[in-house]
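In order of appearance the chains are A, B, C and D, and numbering begins at 1 in each one.
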Amino acid sequence: MAPAINLNADMGEGFGAYDIGNDDLLLSIVNSANIACGFHAGDPTVMHGLVLDAKKHGVSIGAHPGFNDLWGFGRRRIDMKPADLEYMIAYQVGALQGIAHYAGVKVTHVKPHGALYNMASENEDYAAAIGRGIKTVDPSLIYVLLSGSVMEKAAEKVGLKYAREGFVDRTYEDDGNLTSRKIEGSVIRDPKVAAERVVRMVLDGEVTARSGKKIKRRIDSLCIHGDEPTSAAVGKAARDALVAAGVRVLPLPEMPLG
Amino acid sequence: MAPAINLNADMGEGFGAYDIGNDDLLLSIVNSANIACGFHAGDPTVMHGLVLDAKKHGVSIGAHPGFNDLWGFGRRRIDMKPADLEYMIAYQVGALQGIAHYAGVKVTHVKPHGALYNMASENEDYAAAIGRGIKTVDPSLIYVLLSGSVMEKAAEKVGLKYAREGFVDRTYEDDGNLTSRKIEGSVIRDPKVAAERVVRMVLDGEVTARSGKKIKRRIDSLCIHGDEPTSAAVGKAARDALVAAGVRVLPLPEMPLG
Amino acid sequence: MAPAINLNADMGEGFGAYDIGNDDLLLSIVNSANIACGFHAGDPTVMHGLVLDAKKHGVSIGAHPGFNDLWGFGRRRIDMKPADLEYMIAYQVGALQGIAHYAGVKVTHVKPHGALYNMASENEDYAAAIGRGIKTVDPSLIYVLLSGSVMEKAAEKVGLKYAREGFVDRTYEDDGNLTSRKIEGSVIRDPKVAAERVVRMVLDGEVTARSGKKIKRRIDSLCIHGDEPTSAAVGKAARDALVAAGVRVLPLPEMPLG
Amino acid sequence: MAPAINLNADMGEGFGAYDIGNDDLLLSIVNSANIACGFHAGDPTVMHGLVLDAKKHGVSIGAHPGFNDLWGFGRRRIDMKPADLEYMIAYQVGALQGIAHYAGVKVTHVKPHGALYNMASENEDYAAAIGRGIKTVDPSLIYVLLSGSVMEKAAEKVGLKYAREGFVDRTYEDDGNLTSRKIEGSVIRDPKVAAERVVRMVLDGEVTARSGKKIKRRIDSLCIHGDEPTSAAVGKAARDALVAAGVRVLPLPEMPLG
């Protein structure tokens, strides 16, 4: 069977009068949308519009819960009690399920946003709290998490299916973590470079660090960011290269997950 | 068959470090809890605690969505677009459904809060938007609404089951509306007076206005407020009097609704 | 002495990761900036950037307080108690004063935002509450208000200097109110038309309604909106036409106010 | 000259319909009030009420700025950029100054709240950002900070007068930090014990750790918490003992600060 990959993107991050990102373009590239749930971004009307659009494009939908911090766009670490965090996840997933009824589609995955994702990838308590919140709401939900991080162990302990995520437009360090955005060159803006890298990730199951070191990383889903002017070109090139290499590009619920 | 009535109360209106109301006492009096959903009050942790407590008391749960106005506690009218309002309702109902999984119970009704309830009782556009939000999320939900108001017509048009609400501790005007809280005597604090009134409401299907005028009002559910020092005594007296009069006091899902 | 006019615009309405409007362009056209104060839009960092930019352009600054409703961008009417409203105004004006110290400039005017402006122009209680909040913080502040509305009377009773506002890019009705945005043609997008109209407003002290009727309106300050693609061209044309007609275009504190 | 001390308490931490703390009682014990500024708690109406009450009691007022986190009551650490933090402080101090005009009193100190205080006491970047925000708004403001922490150095570098704070009802560790609240016995609830300790702190300039170790700590101001049932008794006993020991108990602006 040909190898398979999912492409995902964060979407629906506008709020009221505010617009941000490039949802229309991304919907034509990815298979799965991570939809902001009103805490770090998104509002019920934005969410409503996006579930309808995602359905139109055959894109599967997931919740993209974040910290309750609109000012910081969910990018600031907040030191929450794991119990509060867990119920906050259940709340946001439930809220998106409520809105998803407008499109008659099922919420099939959950990917934490921004600083919450980063904290969970380093702190198993956070990763597990998120997992428990997800599982309580719907045990068939797929937990999208950083490949190779403690989130994998947390998902296993909680007993959730999970998808290991890699990044189309970011470089890695020797320890398998993403290069900090503060470092020159950490964001890949050349579509050709990105295309070549993702094919290697998917076919060889490894990422190449900035140093040239090769790191084993099983990747089930590749994230395309929407906030660079080059995002769409990079995302499109990555998708085209994967298809040309014979990789099946699938929505998350159709992915063979470990 | 003996006449039946439901008793409901608004609950879970704390937020973070803030506590308010008297949920413990009310849970032992009512059959159905209207749970704040995080917009005018309530947070995921408060909601979590309440769904568990409600289950323990055999109290059915409903969403109590309100305006996105914590400062005003949902008591200030906000002039929203009906579409925004509709999706806001779906969001809040979904969020409570998410949390209700912790108790393994079903959300079975929705009652709008404060200024939103008041606006809906006067404005069919608002009442219908709320109804559409409810129905989209779950068409079996019961819409709790002001007996005799335009909300009844809205619920019928939308095609939802509904429960007509009356008030245990408030006086009425000749037009069937509640006496404004600003008017002396509008809140009934004498348990005996309240007890006698509710028995008449349920058995005769009519409320007596301040003027003495009798107004036909079918009442399926009686609301007990929790914010007066006399609330518990008034609520308990009302319940006891109803039981003594042979009225069956039931959770909302067991009520015979028109 | 040549006639004089002030040009103002609403600015600093971004929030965190969200950007909106066209502040850079507007700062080169207007003399006075109305700066959002963190309730309907704006955050401390956005406010900080704007007070520095305004100073650089020699543009006088004022507070642009709005309802506590980021989701609605301050465009939804909220039914507040006048006392709450009054203190909310004092709070927001004080907050901008705090930030204005970074530029070493004085806050010299206050113009309410959006739905709050509209409500105040119809409801003298609201207009007076705003006036009292302004006066308490600094009795030398100029209250920018809708020319011909009840706000004028409120400002006089409270004892504040005020500037009567007109609109560069909006048509008027026979009663002197602005044509609703919902009506085709209510927004003037043709720079030549706008330029001609503003010269008539300032030199003749009258606005021409859609019907052709002429209405007396003393105008001290003209508002240029920033949210139309044509805004900058319309604003620039208005300014150039006024200068060409010999009108002095001044910051608010230099305007001769009645 | 007799030794002098200031007594302070955090106040005005209600919000809208929510009440918390025990402001009335505390106002009769302390000389200085730290007033919440609307971010972690407090709203313009609460702030308004408190500046009037403080004036009535001859209690000096200060800003008590916190993180923008009402849900967490400012007790959760948030990883902000120092620049955002700095402007957020200026905003909150300015807002309280706006409201203080209602009482005709001057804001004379600033004490950060909760997690922000804790972070600043460990992280000089945070402590300095707060200091710069304070100084920009008014260089005569007194920075209330944890005695012996990096905040002292930050205040000196920024060039602000500061008051070193100790705690009436908390035990210390050998390193001079407060014992974690999670440890049994960390909160002193016995008025006699508290009274004896504060007299030693003020007269000897040292605190006694749980181990018995004596640590030099200059204390200019003692904080009385308001959230324990024993708070008022402990605070009153502390005050009475200080007065009996001949210590002058003064508002912050009258304190001789180093």
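The definition used in the following text is that a residue touches a chain if its C-beta (ideal position, glycine included) is under 8 Å from a C-beta of that chain, and two chains touch if they have at least 3 such contacts.
Since the model is a prediction, treat every value here as computed from it, not as a measurement.
Here the chain-to-chain distance from subunit B to subunit D, counted in touching steps, is 1. At the interface between subunit A and subunit B, two copies of one sequence, more than half of the residue numbers in use appear on both sides, so the contact is built from largely the same positions. For the pair subunit A and subunit B, the distance between C-alpha centroids works out to 40 Å.
If you average the CA atoms of subunit A and of subunit D, the two centres end up 43 Å from each other. Shared contact sites, meaning residues of subunit B that touch two or more other chains, fall at 71-72. Residues 14-18, 20, 41, 43, 70-73, 75 of subunit D are the ones that touch subunit B when the two sit in their complex. On subunit D, the positions that touch subunit C within their shared complex are 38, 44-45, 47-48, 83-84, 87-88, 90-99, 101-102, 136-138. Across the complex, subunit D is touched by residues 68-69, 71-72, 76-80, 115 of subunit A.
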